[in-house]
Amino acid sequence: MPVGPLKTIVKVDLTKDAGKEPYLHNRWHPDIPSYATIKNNETVKIECVDWTGGQIGNNDSADDVRDIDLTRIHYLSGPFEIETAEPGDVLVVEIQDVQPMQDQPWGFTGIFSRENGGGFLDEIYPKPAKAIWDFEGINCSSRHIPGVRFAGLIHPGILGCAPSHEVLKTWNDREGQLISECSHMNRVVAEPPQPVNVHAGTGADDVKEKVGKEGARTIPGRPEHGGNCDIKNLSRGSKVYLPVHVPGAKFSVGDLHFSQGDGEISFCGAIEMAGVITIKFSVMKGGVKHLEMKSPIYIPGPVEPQFGPGRYIYFEGFSVDEHGKQHYLDTTVAYRQTSLRVIEYLRRYGYNDYQIYLLLSCAPIQGHVAGIVDIPNACTTMGLPIDIFDFDIRPEAPTDKRELGSCAFASS
Amino acid sequence: MPVGPLKTIVKVDLTKDAGKEPYLHNRWHPDIPSYATIKNNETVKIECVDWTGGQIGNNDSADDVRDIDLTRIHYLSGPFEIETAEPGDVLVVEIQDVQPMQDQPWGFTGIFSRENGGGFLDEIYPKPAKAIWDFEGINCSSRHIPGVRFAGLIHPGILGCAPSHEVLKTWNDREGQLISECSHMNRVVAEPPQPVNVHAGTGADDVKEKVGKEGARTIPGRPEHGGNCDIKNLSRGSKVYLPVHVPGAKFSVGDLHFSQGDGEISFCGAIEMAGVITIKFSVMKGGVKHLEMKSPIYIPGPVEPQFGPGRYIYFEGFSVDEHGKQHYLDTTVAYRQTSLRVIEYLRRYGYNDYQIYLLLSCAPIQGHVAGIVDIPNACTTMGLPIDIFDFDIRPEAPTDKRELGSCAFASS
Amino acid sequence: MPVGPLKTIVKVDLTKDAGKEPYLHNRWHPDIPSYATIKNNETVKIECVDWTGGQIGNNDSADDVRDIDLTRIHYLSGPFEIETAEPGDVLVVEIQDVQPMQDQPWGFTGIFSRENGGGFLDEIYPKPAKAIWDFEGINCSSRHIPGVRFAGLIHPGILGCAPSHEVLKTWNDREGQLISECSHMNRVVAEPPQPVNVHAGTGADDVKEKVGKEGARTIPGRPEHGGNCDIKNLSRGSKVYLPVHVPGAKFSVGDLHFSQGDGEISFCGAIEMAGVITIKFSVMKGGVKHLEMKSPIYIPGPVEPQFGPGRYIYFEGFSVDEHGKQHYLDTTVAYRQTSLRVIEYLRRYGYNDYQIYLLLSCAPIQGHVAGIVDIPNACTTMGLPIDIFDFDIRPEAPTDKRELGSCAFASS
Amino acid sequence: MPVGPLKTIVKVDLTKDAGKEPYLHNRWHPDIPSYATIKNNETVKIECVDWTGGQIGNNDSADDVRDIDLTRIHYLSGPFEIETAEPGDVLVVEIQDVQPMQDQPWGFTGIFSRENGGGFLDEIYPKPAKAIWDFEGINCSSRHIPGVRFAGLIHPGILGCAPSHEVLKTWNDREGQLISECSHMNRVVAEPPQPVNVHAGTGADDVKEKVGKEGARTIPGRPEHGGNCDIKNLSRGSKVYLPVHVPGAKFSVGDLHFSQGDGEISFCGAIEMAGVITIKFSVMKGGVKHLEMKSPIYIPGPVEPQFGPGRYIYFEGFSVDEHGKQHYLDTTVAYRQTSLRVIEYLRRYGYNDYQIYLLLSCAPIQGHVAGIVDIPNACTTMGLPIDIFDFDIRPEAPTDKRELGSCAFASS
């Protein structure tokens, strides 16, 4: 019996306001109604808007990045009810493919203003900036970062099942506690529930109100369900195992990335895009107990771009910050230093720092925890693929300054 | 003109006291005299003792691990003067091979007692434990952790050039400041200079006294020179670029590992061994400026064990600790959680937790920084190679408890 | 300046007769008019029909394979004039992507009847047979060969530039000579020009007649231009360098494959499909001389499915045929024997031989020339990826016969 | 219980005449007595002389290659009796390591004179030539072929179990028939038994005489047992499954290679060396029936040098020979043409043809059967790793002639 073409269960309209489309939502909450139902073992296509719902344009100014409204983000497609899934089961999500929209073969990488979103290096690079990437099949290149071209490790930034009420309460409690404990820090440390611009899918007004008050924000990934993990390797052919917390699982997906580096350091750091993801869903009954699962696990697919181990330059960083201060086994500090080492290295060729910061966020950079026990220094490494550059970046090669243009900046 | 066999520039005698051999030392200090001279572009073999200088035995008790004297560790071979190397140059170290001692084809992985050394998970696993590994060519297996066997990603845990007096002062100052700032923490946060059991190579008494008072301890890797980075990928065929701080570079190497996982989480976590490393040295004149180098960089070799991307199970961890407390973008907490997830998963097959803790420390585990900007959660991943096990550990496989013995524990 | 979506330079209509569409042709001849013009450095999408022009159906009978009309095959899209290309140049073809038709996510693998087309093992397996493959994103599976599923190494079977009149004459002469020399062999050894069902694109009647009389058949690849090389690795991201023989190059492409094994042994052995290929064209002026090029070269792309070297079982075959006869360094005989060894091995699980023959033709099998000088035996090897099976095929595993259905056969 | 160092079951003395040492032999015959006994599941080290038994020197003349005595070759270490092995079993040979002799870190690649041995391209390159390779750990380089350096894919050229009398008779019959059928060809097509310089290990005179008369020569690999397969991938960590034909298996091994390309085209084409191989032996009872095994199979190890798919240039060749003659699906002709294409390509940099011929024989070249059904042309490909060269050989790079010296030639 011939099998027909796959069903597209969500078709997005990029000309519409993402905040109002019934197949989207932007909070995690168990009461958001399922938009559609998918059979156990069924494969479907799901279209997704880009994570900003279209706020960023294909142009040469970062004004849109500067002015982005962060209450209007992370519109996810779904939730989908998966037949037979019950709390305690594991939902197995096989990512059969991810593609950009046929008619919109481009994406963007942004550095948010320190005042509006920020990023991993915002104390050093506080200005908004942007790069537009053009897609040609599996490859991408940018008029804002000349000299590089690479195959995308295409993946969704966000996927997960809805939390139960109990899980949701845990999230709100513990993040609330962090916020109250960190009031002395001069920065936003977590995002509490926020009714402004809440989108609860097809939920009626009372649901919407409730979701606005209680619904978990989508920014952090969370151990209980995954969510916004931004794991670059959830690409074509990978398999993700997600715990189910509510009847029917209520699975959602979005924030598609054409490519991303480990850490996604500039926050809007992947090559963000609208697109379509093809997923096969299957339910592993009792899987949470069977796998003793507290957080998702995954198995990468076989078609990740391969450069060969000897085609990476690895940079080392330690938990001594840029002011010379020693931190105690602080891996976050170490990874920030590692990033800075790559910026210093690539700057020699004529890139400006913001171009490199953008590039490290979105190119297939390997970020490793190397040593995490040699007190007081954690050591992390960052592997930069040599072959994404069209000139020779190996240490032995000359470093004649090149004309490498600029990324997009804001008008003020 | 035929080329003869390579010169072995240091030959160790494993029956002697490492604390007295002239070719060894255990501090970083510019005044430790060079033990020998190596030409620019020369390749030599260098033998190394294991990092404890022979304190750990091939037996089934962890008493030796419990009682280890941590003032008598990290005996490094060297220092070596590299001809023509001057401050500002980069020393290029090509690792042509690393081999265990022919007559001592075994190594050990230890978990230190929380009271004596500790490790990444010592709050949860405070007891000393040990696994002995037998080498058969490129492969290793352990009577203390049955069911696994893998090819070593063999490498030195420590290599670097001597600090200048100025660099040394920086180290001592900043680590001293950390110690004084962290006096409230109930743990050792850094190791200041320590005269007890100092070994200054061939240095006379006055040098030895000075090195004891000022010499940097070898435990942490440090940004200015590398040192104890414990980077698992500095294996056969890799190339490391090290900044030179003193005339002649004064290069030292030691702490050889038959294998290690990213993070080396149990601290004595690699498969520690005595062995021989073959290195080609060459000097890149003015390399520090040319590469804008603040920390070492490296390029891995082509013969790393390859499992295929789809032959890893990846576990996710977030900066929510085991008590449910939310931390702010704390990658160290996230990586600890990731480790615990793997322990929970593998425990189902019949291993005890200490066996798994040892295994994650020494097997070729991939530890990645996945997302580091999605406040408040950093997300890290740990990739466990499926093919090192002789049974099927994939999520879909059954998990019949197996008879998997035990690692070595201490007698009390 | 934003770049728009890529141009689709040929759009095929699968409901039409391929033998009459102006954008197709089925011979190599310099006089076939260019269908369209492509700029130097332009990237375009080109749709292609399957190589049989739609003769094979998505059903469970091999009657269509048995009855295939081999004069109506290899409809290629093109020819395309590439601006600035001249004889002596090299046309650089970067394959940015290959995709099946969105609405026709399936393909077929056929074994032709020995009486009508035949194949590599037709003396042993003379019957027609067929397998239909369903595509789910990058993966494929077949109701006719249960137990396997794999990511496609998707590629065009045929691409090349038109021959000059001189090159064409060389082809016709040397293949004609072979035919006349081999009249004693009881089989078709080459296909001379054939006016029946010739399709010369937009060529007028006189051109069509000439092409029918002189045009080279598309079945063999040929050293001077490539053509039907059936090289499985010309996949996403690869770069092919083709010699140009006529002004404008007159490039054609077709015979898309979702996947293929080295050798494509069953002749219709890839997973044949209609689809769309995205190509960037650029002209290397004087490239034939620069590269001393007599035959095409290529560089594979970075996203080939990777299984890890230890995830293949390799079978060996030698130039002793199945009747026990010794041949002299005959690599073709050796490769046939290697194929038979794999059939014998996989048969143990319950597959019938035709299923395996089909599988070896289309799965990503690695076929190597191992030793070709140890008289009288050439030795070839065939690497079978372990991970395309959903059961354990390693030698150590048990071989309980399974219910593995059957491929499609003909009704008589 | 600690495990001691591995047993070295054969220690060779390179200063002695290989033709007389009791642990060597140079024919396949069931009556050659076992030299030693190895337990089932035991791992041992076995030293081997180079395949010529020391006839080739580390010098700059190919006189020794020209004058080689081909009756004095392929001295194998063994035979070894493997306890419990019986006919019908499969001997599983796990290659744990292969190393060159510590004190003899060099090897050679030879092109034999067309009059004395010949090789794959001897009609075009009839002269003797030689390259000496120096080993530095895993890497090798040659004063005779400057500009290249690579990690060895180290392996034994020959391994196998002794034939039974029945198998031996089959070999002698079928190769004898080939010789008689090919008397018209102007070349040696197979080597019949040869009493001159026969070495039957510890066999007494009567055994030696019998082995001289009947013993199979070691040059060809043979389907029934493997033997001289020259498969480059039987490297560290690989597992070979060999059919057992006589009680105790009588396993032999030799002809160690530091590296080899697919095809080993120059016949003495690997980097030939003396060395030591570490093997774990285990017996799979009834394995021949279980695996339906007619020829050996193997699974490669995980540490093969990895260059990444995009770091090869692939050359295509077809079954049209260098005189323009069309052959019918002749893969051997196609592979010869493929080799010639690489020679033409590399010649542009300043190498002489013999240097390239040597290099293609011994470097880790990938030789693939690409298409073998598109009558009349078989198509083969040869993948040349870009990263073994210290200059840029990609098609886009300039090809300034370089000073690349010469291989060694004979004095006349």
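By written order: A, B, C and D. Residues from 1 in each chain.
We take it that contacts are C-beta pairs under 8 Å (C-beta built on N, C-alpha and C of every residue); 3 or more make two chains touch, one makes a residue touch a chain.
Note that this is a predicted model, so its numbers are computed, not measured.
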Both subunit C and subunit D are touched by which chains? A, B
Two candidates, B-C and A-C; the one with more touching C-beta pairs is A-C
Nearest whole angstrom, what separates the Cα centre of subunit A from the Cα centre of subunit C? 39
Interchain centroid distance [CA atoms averaged], subunit A/subunit B, Å: 32
Subunit B to subunit C: how many Å between their CA centres? 50
What parts of subunit A, by residue number, touch at least two of the other chains? 237, 301-302, 304, 306-310, 387
Subunit D contact footprint on subunit C (complex, rising order): 90, 92, 119-120, 170, 174-175, 177-178, 182, 185, 188-191, 219-223, 226, 228-233, 237, 241, 262-267, 269, 284, 287, 290-302, 304, 308-310, 312-318, 320, 324-332, 334-335, 337, 341, 344-345, 347-348, 366-381, 394-396, 399
Seen from subunit B, its contact residues with subunit D in the complex are 1-3, 5-6, 43, 58-60, 95-97, 102-106, 132, 134, 136-139, 143, 151, 236-237, 278, 280, 301-307, 387
Which of the residues in subunit D end up touching subunit A in this complex? 306-311, 387, 392
